[in-house]
Amino acid sequence: MSCPDRVGIVARISSFIAEHNGTILEANHHADQQAGWFFIRNEIKANSLPFGPEKFSELVEPIASELGMKWRLVDSARKHRVVLMCSKQSHCLVDILNRWHSGDLECDIPCVISNHDTLRSLVEWYGIPFFHVPVDSSNKQAHFEQVETLIKQHRTDTVVLARYMQILPQSICQEMRGRIINIHHSFLPSFVGAKPYHQAFERGVKLIGATCHYVTSELDAGPIIEQDVVRISHRHEVEDMVRLGKDVEKMVLSRGLLMHLEDRVIVHGNKTVVFD
Amino acid sequence: MSCPDRVGIVARISSFIAEHNGTILEANHHADQQAGWFFIRNEIKANSLPFGPEKFSELVEPIASELGMKWRLVDSARKHRVVLMCSKQSHCLVDILNRWHSGDLECDIPCVISNHDTLRSLVEWYGIPFFHVPVDSSNKQAHFEQVETLIKQHRTDTVVLARYMQILPQSICQEMRGRIINIHHSFLPSFVGAKPYHQAFERGVKLIGATCHYVTSELDAGPIIEQDVVRISHRHEVEDMVRLGKDVEKMVLSRGLLMHLEDRVIVHGNKTVVFD
Amino acid sequence: MSCPDRVGIVARISSFIAEHNGTILEANHHADQQAGWFFIRNEIKANSLPFGPEKFSELVEPIASELGMKWRLVDSARKHRVVLMCSKQSHCLVDILNRWHSGDLECDIPCVISNHDTLRSLVEWYGIPFFHVPVDSSNKQAHFEQVETLIKQHRTDTVVLARYMQILPQSICQEMRGRIINIHHSFLPSFVGAKPYHQAFERGVKLIGATCHYVTSELDAGPIIEQDVVRISHRHEVEDMVRLGKDVEKMVLSRGLLMHLEDRVIVHGNKTVVFD
Amino acid sequence: MSCPDRVGIVARISSFIAEHNGTILEANHHADQQAGWFFIRNEIKANSLPFGPEKFSELVEPIASELGMKWRLVDSARKHRVVLMCSKQSHCLVDILNRWHSGDLECDIPCVISNHDTLRSLVEWYGIPFFHVPVDSSNKQAHFEQVETLIKQHRTDTVVLARYMQILPQSICQEMRGRIINIHHSFLPSFVGAKPYHQAFERGVKLIGATCHYVTSELDAGPIIEQDVVRISHRHEVEDMVRLGKDVEKMVLSRGLLMHLEDRVIVHGNKTVVFD
């Protein structure tokens, strides 16, 4: 939940939960003093409450309205439906698939969409349908229409661009605002756009990084969920950076995705509150 | 506050605060599910309440008693009185003194006690009394009696062993349990005791570290507040480790001390909850 | 190469290479001043020399003998044969397999050996033979004889224990000294042996780590190749540490293995020189 | 030394040193394959040679000329003369002064120059002359002329801008190219110019950093020596970033300065080779 800050929000919410005997498994608050905004996340044990999510929502509504709250109730038993999009490189995709397969990343993955057929058999080994939707400069519109159709058909909650390497059209970005996660292979806002490792090499930086962010209509400018870096030196050529960068990319994407899937991320303006 | 976990603790506390119109500046909770214990820290704007700390305490008492709570009310306007103890090396001491002098570390420093006179003029430049209490194998008892007297005379809240290099007697450790902070120059529990960098060199580790912990009667075994490491390689001799280690030591000690001074650390058993 | 330190080693070696017009792609030296020992690694472009490895070895021999050198000539075109051993957990295994499959880890993987059948189909998807060699307290000797036979049959250069979870018998450790790589899920020398995350949880450390090391007959005490850590807090239960630790384990093992496969590691006593 | 890459450079140099019985304490090479350039640094024990620096230079000259080398011979017994410039904030200045005072940073510090008088007594405690040269928009030219005069009078090798906060005029930048070191409080190239922590706060990054670089005439665009970052979150306001950033700033500046003072940095184009 998020709302304008004032006295008594936590009391109001936690009393409501306690009245109904709800067990709070985890509680996080944050007051953004500059924005005058308050954020709160409660993880409640479902079977400690005497009713289900519909009734709960009904009862929360008047409180939310009183406090001017934007809020969301998520049933953690219902898994997110996550569509993965990739290109030829496998490091991010495999990292996500293997976490999912090991039970470390709870979600459903209805399909993988790619503009190349390279990773088909790998994806299919995991029992996940793979859709090859080729793209070139002449058929961009048709490509993205097909992508959009697939996303809809699979009742997608979240799209993950696991090094997909194509810029999504505005329409998809807007319709799925806050639900498309990208990994950019630089420490944003440095090195926006193409070939960030080449840019990093030219500038002679001593650390390279990766950024997991929500996609918005402005390239590489959406709300940042997670970032990390790795040390490099003069000994590293661009191809070394690419190799070292892959490790940061996959870690940062998987960490960011986990936060998103556990509904720990609240977007406010162009920034995120991440209750880890 | 800390107490056995049960439903409604946050509701109880936050409602009490809200009833009296208290503004919560920061709230942190933690449920230790293994221990069945609940921890809560609230930072309340003093002038949002209609009464002072005495009345507040009086009103909290019945709630605390009902919930079986250990609790503490700290007036952040009243500064901790911190006695620093050091030996010959200045890196930790200067780091603390300069943060204090720059206003980044709020506390009073009534005096510095050392078994060497080396750092006197540096300490005195900061306007802080310096007590030289020499120690050798023949006068340990007298030394520590004098140290204890100085600690008492200066109405000390917290003692910081900023590379003091002597083992405090049991009596002081017990009397000031949870109020003496040490920096040990290894990543505990590795390399307990003397010459940890030599031990690290012998073992051929690839990272060295430092540990800030509360002192208990067992050497280097008290509750850990903060730790960090720095990368080394085969190129580093023991003296390089000493030099690189100094940076980690001073950072880790200052970060741990800051958490302690802002009353963000709760000791439970031999572990800490640090609400950063 | 490694030998007692003295004046002129680099000159002797580099002159020899230059005489035959050899292009040095990368050169690393290290003088261990405490041990009085010198280490040198040269990467020479094979086709810049007028002869092959046999002739080269023949010509190096007298220089090596004069300098009292232990040395090794490795043809980087000949790939290491790496046997992977695992148990049920896939994170380390998949990380290695996917790097290998993507061309980021150059080696041959003749087979995977496991005491469980769990990961068979995953391994077989990569086109690698999988041997299930069950083990229980009654058949340990038979198990290890079979393991040893498989290692020999596959002309194994290097064995990687990718979370294999069994202690190898002395005979294998000794025969393959410097060629068996293990990942231990703690920051050694802390938390040797079983259940290191439980030990870390009990001790209340603020960082957990992983250690990649050569296996020797003493448990978790061999020469360390690589280590790293990740930050945890009071919020993390043992199962969270296990999850977070997996990421460090797989990274540390893959980085250590890469150093080994590129022949960048020289073992000296119980320590390593790693020319990264 | 640096020169176009070719076969036999190391042989040529190391043979020359060995001929004269020179003991190499540390040797570093780097071949920049993209630029086709070779870099080499040798630390030679002075008293292992039968002659002094003049004769040594005389003998190196023909080799350097033959190889087309830029080179520099530095007598490590002769300390760099380092002028520190600061403004009001003390964290970087004190960190350098205390390392110097403890013997961990070998150099001479002939004076400190500041546009504020704030840190005078602190500097003077260390026995170092302090020059207060005020600046405002009306007297910039006079200010910098006085600064330039002081730099010259003190026979300065290196100027360190320890959070000096003024942009040096082109004339000084050009005359002292490669000898003025600045600390910028962001992870460059992100957040060039004023108020980088405010920029970082606005963008919602999850790590903030600092960059130590040589000053050139283009603002914050000179060759980078060292960088590092620290993790932040939504909980951190700008003032928290300022506080946390100070630690990274002082560490990064001191590490970069140490590399410079030990003559481990070679500038090539707009990048550095740092032989750590």
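Labels for the chains are A, B, C and D, by order of writing; each one numbers its residues from 1.
The working rule: a residue touches a chain if its C-beta (ideal position, glycine included) is under 8 Å from a C-beta of that chain, and two chains touch if they have at least 3 such contacts.
The structure displayed is predicted, hence computed values, not measured ones.
Student: Just to be sure I understand the contacts, which chains border both chain D and chain C?
Tutor: Joint contacts, listed by label: A, B.
Student: What is the distance, in whole Å, between the centres of chain B and chain D, each centre taken as the mean of its C-alpha atoms?
Tutor: 35
Student: Indicate the whole-number Å distance between the mean C-alpha point of chain B and the mean C-alpha point of chain C.
Tutor: Result: the chain centres lie 40 Å from each other.
Student: Please categorise the chain-chain contact pattern as a line, ring, star, complete graph or other.
Tutor: The chain contacts form a complete graph, every chain touching every other.
Student: Show which residues of chain B lie in contact with chain A when the two form their complex.
Tutor: Interface residues on chain B, with respect to chain A: 7-8, 10-12, 14-15, 17-19, 21-27, 29, 31, 48.
Student: Would you tell me which residues of chain C are touching chain B in their complex?
Tutor: Contact set of chain C toward chain B: 30, 32-34, 187-191, 203-207, 209, 223-229, 233-235, 237, 270-274, 276.
Student: Would you mind writing out the residues of chain D in touch with chain B in their complex?
Tutor: So the residues of chain D touching chain B come out as 89-91, 94, 98, 101-102, 104, 121-122, 125, 243, 246-247, 251.
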